[in-house]
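Input: one structure, supplied below.
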Amino acid sequence: MLHADGIRKTFGNLEVLRGVSLTANKGDVISLIGGSGSGKSTFLRCLNCLEHPTGGEIRVQGEAIAFKPDGHGNREPASKAQMRRIRARLAMVFQSFNLWSHMTLLENVIEAPVHVLGVDRKQAIDEGLRLLERVGLYDKRDVYPAFLSGGQQQRGAIARALAVQPLAMLFDEPTSALDPELVGEVLKVIRALAEEGRTMILVTHEMSFARDVSNQVLFLHGGLVEEAGAPAEVFGNPKSERLARFLGSFH
Amino acid sequence: MLHADGIRKTFGNLEVLRGVSLTANKGDVISLIGGSGSGKSTFLRCLNCLEHPTGGEIRVQGEAIAFKPDGHGNREPASKAQMRRIRARLAMVFQSFNLWSHMTLLENVIEAPVHVLGVDRKQAIDEGLRLLERVGLYDKRDVYPAFLSGGQQQRGAIARALAVQPLAMLFDEPTSALDPELVGEVLKVIRALAEEGRTMILVTHEMSFARDVSNQVLFLHGGLVEEAGAPAEVFGNPKSERLARFLGSFH
Amino acid sequence: EKTRVGFAPEAYPPFWVADANGNWTGWEVEIIDAVCAEAKLDCERVPVAWEGIIPALLGGKIDMIMNSMRINDERRKVIDFSNKYYEVPTVVVAAKFATVDTTPESMDGKIIGVQVSTGQQAYAEKNFAANASEIRGYNTQDEVYQDLAAGRIDVAIDGVVAMNEFLKSASGAECCESKGVLKRDPSTLGEGYGVGLRKGDDALKAKINDAIAAIRKNGTYDAITKKYFDFDIYGGD
Amino acid sequence: MIWSPAAGSIALLTTGGWGSAMLVGLARSLTIALGAFGLGLVIGIAGALGKLSGGAVMRQALDLYTTIVRSVPELVLILIVYFAGADLINGILTALGQAKIDFNGAIAGIVVLGVVQGAYSTEVIRGAILSVPRGQIEAAQAYGMSSWLTLRRITLPAMLPFALPGLSNLWLIAMKDTALLAVLGFGELTQVTRQAAGTTKAYFTFFFAAGCMYLLATMISNLLSRRLEARASRGMAHV
Amino acid sequence: MSSPPDAIVREATARGGRPWLDAGTLTPVIAALLFGAYAALQMRWDWLGTYYPLLLRGLGMTVLLVVVTSSLGMLLAIPIGLVQVVGPKWLALPARAFCTVIRGTPLLLQLWLLYYGLGSLFPQFPWIRDSALWPILRQAWPYAFLGLTLSYAAYEGEVFRGAFKGVPKGQLDAARAYGMSGFLMFRRIWLPQAFKRAMPTLAGETILQLKATPLVATITVIDVYSVAAQVRQQTYLTYEPLLLISAIYILMAVVITKVFARFSGQGHDDTAFRKS
């Protein structure tokens, strides 16, 4: 359903991704792990074209994103309309949530359905309230993000993502900005989504969580996939020495 | 050497501390643990009068800090000179470092010795450079804090504290603002200080570290010391149910 | 097609007097009306700050200036003038106790106040600059009188009519008196007061000149003048 | 007599009709200020967007505009824009075979001050847009919003709390700058005050009264803008 | 006006983080050069020969006004800002009122009130009129300096209020924690940091002060603007004098920017504050 093939990305002279591939089928939960600066976030952002990959191909439900040269030695999406269509289906949950600060929680949730997908406002509100209830934030629907705790904001961001009925959800370190006490709360929601059969791709530092929830783990190192496989395999029996060292530094 | 006796502190109607006592002898390393909002920071700030305790007594090397009513229903130190003298000997390392941003690292380190203690500038610089070398920041002596990483700032703040040759050092969550990678770095410095026999009082969320480094642990809850004792005892065999639950949420 | 007559919206009695509703009255206002009526012009008065009044004429924002403007050589370089429609002597005024007359020597060490870009400023610059301690330029004549009364300037120069008006006022009567009439000096003090026109606007100029002559002849001019003055303000021919 | 006793001053304001003339002047000042501020706002939004996302040529041209306007005194700018602006417009109209237009009165004042205000608004709004956290805009992109939709739904409303303090300052400046139009002979508050003072010779009374009117207008504006700010930043945590 | 000073263009470029002299920079430079050439060839500049001594004198007065009033104003502004943050009510309220009144009324009106209002009260008192001060009080410049100083003090008082308030509490906590006395903390930590925060605003505000100086012409003080106005009135040239002094003001604004850039010095920025 979502294929990335040989994604490369350079920033100036810095080669961050040197050919990273990934295939996500419906219901897959894929974790990306790796050291700081290994390009996990960059790869995730390439998937929905927030960064324009320097090379490689991205296909969503068989449709390849078309690129053209951007005149500065990089590529950019050839059709803005296509890019927007695809983005709207790959909902991203940011590490720092990025809820829109001038909108209440409910307004955040219905914004994209109403203004991007053209859903009827009334219907979007019904659906939005249902989703907020689902993540336990029904009471907070009229509150502005600044007045929510980190964990509540994170769950709000998840509701916002769910509201566009995404093909796949992209999570960038969904818990790293949270208190240890809030981590559990958010992981619970993600785990529930996984059990529902949602397609998810997540960058995470929580190894135990990655092991728990995902059916595929990719270890990025030096801009390449150093090792990939089922979590039991990757965590239980790391083949690469680097992965072993990386896992050793966690307890 | 440092005694706090029945410290109480209320903010408006909020009773944050309801009688907390602590005795630190030379070479003691005391960890304060407890849930968020349990008053750990407040207690630490009471020790050097950054907050004026509503009740209780503080004695430093046998000398009690004298208080008088401040006219707003609280107390304030009776003698500013005494308070300043005592503060200068209880060096505080803040959670957010609070290095003075308009001074280079070296200037930060020599500021209090030169301007508060009246040490000769030349001598203060010599000592300051020695301390910066000790925390591995000799190269960064002429850099402004904004250009240092979190861990470097934290170590700089420790050097600044050491420069006043404190009787005791007060640490407020010395690692919580740091990357996991930087935590180790700072903990190493603190451990070295502990091995030198420095008196330290620290607020921390790192249970493993508290266990490792301290000879006394205080668990604060509801404005009171819920449990106190040697780390082996407190961690290994918590008597209070609350402490057990609190420790359970860590792994 | 309207003819726009530029004037500086400042009190200059008895030529220009404003009331609170923004209506202007005064000798010159009535003369403007009479001239326009005579010349069959549909006139509209347009307020323009004095210091920008000639640029406004040149820039086509107004078509003529009727605002007690002296006809002098300096101005003739850039604009054209109608024949004069009045002329009064220029006088020197100072505090009663001051020993001042119209000679440069008597101006030694004095502060002279004049309105900027007027004939009297040009006269002062030309004749008194060497002696006076300062020639202070004001935006309005009214401010000159104010500072004269306050004793912040020693000497003021202005046409005798406006000056008399000031000397009749409470503050003027208290402090000051006329110290003499300046000699005629066409290059600075000019040859009377005329209507300022754009160069080449000869048709309008002819109309105005005819109208001035006509109202002089048919008695309108004298009728208006009688309301304000007990002498003939036209001056000699 | 320059310093009239209070009773006399009040009598001057109420009986001579000068008091109401000043109120009319104030109304004209406020009208011009409002027009200029509005025009400035339009220029400002366009200018800020041009500076942030326009081509190199446009950015440089805008930089030139804001730099010049912000370092040349308003008094000079007003004269330049008033004279050159009218010449330019009428020159163009003549070249097109149209009749000249009358570039006088309130419209001129609004255009002149609006061009000056526009330069400042450009910088205020540009700064405000830049203070919108990048993530807010990225989130909009991630949900497939087009640039225009992002601008309308996210960027502009989100920048408002940052822009409002600067904009309310600009409004106060617009109000006070109308006083400078006196150099063009406009009958706004300052001009009326001068006439009143000149005619009645009660200088202190009228200058003081005008000062009070400006101050009152400022304080009311402050009150309103504080309300507006509170409303716009209702989503921001109070610190 | 001749070509805009390179420095401004470069300034503008540096701010945008763009290289100096790309295609975009060339456009306005070329436009300015063309305009400069037009101005030089098509406009009249012969009057410069006659008026340059006056222009220089006026320029001197303008520079003096800016330098003196902003220095004095700054000295007033610091306490005005400070008492509003930490002062007792009886000091904070008057300071607040002072800022509101001055900022809420046009400077033009303030100058008139001072010169024609206050200034003309003095001569009514014989003991002032006969005093040694009278020769100074009857001049216009004292009122110009006073008016501009008060205005700068009020605007900058507001800036300093924000700057003092903006210094993070933690910075002061740290100073207290090391036993600094109130005054030492003010001198060593609070004031320097407030200054750093105020600096960028101060540069802009000082340019505003420069731009306010022409108003003194309305109370008969001869600054560079009033000389240009005189030239306009005497030569009836509409544009040339205006363009010349525009160029002069732009140059002065560049100098002010540079001077403040030097003062605000090197190194640190606010990122440390943002982290916490």
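Per-chain numbering from 1; labels A, B, C, D and E assigned in written order.
One rule holds for everything that comes next: a contact is a pair of C-beta atoms (placed from the backbone, for glycine too) under 8 Å apart; a residue touches a chain by one contact, two chains touch by 3 or more.
Chains and their UniProt names: A, B = ATP-binding cassette domain-containing protein; D, E = ABC transporter permease subunit.
Model, not experiment: these values are computed from the prediction.
Q: Mind listing the chains that sit against chain C and also against chain D?
A: E
Q: Using C-alpha centres only, name the chain that sits farthest from chain A.
A: Taking each chain's C-alpha mean as its centre, the farthest from chain A is C.
Q: Going by the touch criterion at the top, tell me which pair is linked by more C-beta contacts: D-E or C-E.
A: Greater number of contacting C-beta pairs: D-E.
Q: Going by the average position of its CA atoms, which chain sits the greatest distance from chain D?
A: If we average the C-alpha coordinates per chain, B ends up farthest from chain D.
Q: Mind checking the centre-to-centre distance between chain A and chain E? Centres are C-alpha means, answer in whole Å.
A: Centres of chain A and chain E (C-alpha means) sit 51 Å apart.
Q: Can you check how far apart chain B and chain C are, centre to centre, with Cα atoms defining each centre and the answer in Å?
A: Those two chain centres are 82 Å apart.
Q: Indicate the whole-number Å distance between the mean C-alpha point of chain B and the mean C-alpha point of chain E.
A: About 46 Å separates the centre of chain B from that of chain E.
Q: Please set out, as single numbers or ranges, the residues of chain A touching at least two other chains.
A: Where chain A is concerned, no single residue meets two or more other chains.
Q: By the touch rule stated above, which residues of chain C touch at least two different other chains?
A: Chain C, residues with two or more chain partners: 51, 55, 59, 146, 150.
Q: List, in ascending order, every residue of chain E touching at least 2 other chains.
A: Within chain E, residues 116, 120, 238 contact more than one other chain.
Q: Considering only the defined contacts, which chain D positions touch chain E in the complex?
A: For chain D paired with chain E, touching residues are 2-3, 51, 55-61, 63-64, 67-68, 70-76, 79-80, 83-84, 172, 176-177, 179-180, 182, 190, 193, 197, 203-204, 207-208, 210-211, 214-215, 218-219.
Q: Hey, which residues of chain A end up touching chain D in the complex?
A: Within the complex, chain A touches chain D at residues 48, 50, 80, 83-92, 94, 96-104, 111-112, 115-116, 144-147, 160, 164.
Q: Inside the complex, what are the residues of chain E that reach chain B?
A: Answer in residue numbers: 168, 170-171, 173-181, 184, 188-189, 192-193, 196, 267-273, 275-276.
Q: Where on chain E does chain C make contact in their complex?
A: Answer in residue numbers: 116, 119-120, 122-123, 129, 138-140, 217-218, 220, 222, 226, 229-230, 232-234, 236, 238.
Q: Residues of chain C touching chain E in their complex?
A: Touch list, chain C to chain E: 51, 54-55, 58-59, 74-75, 77-79, 111, 116-117, 136-139, 143, 146-147, 149-152.
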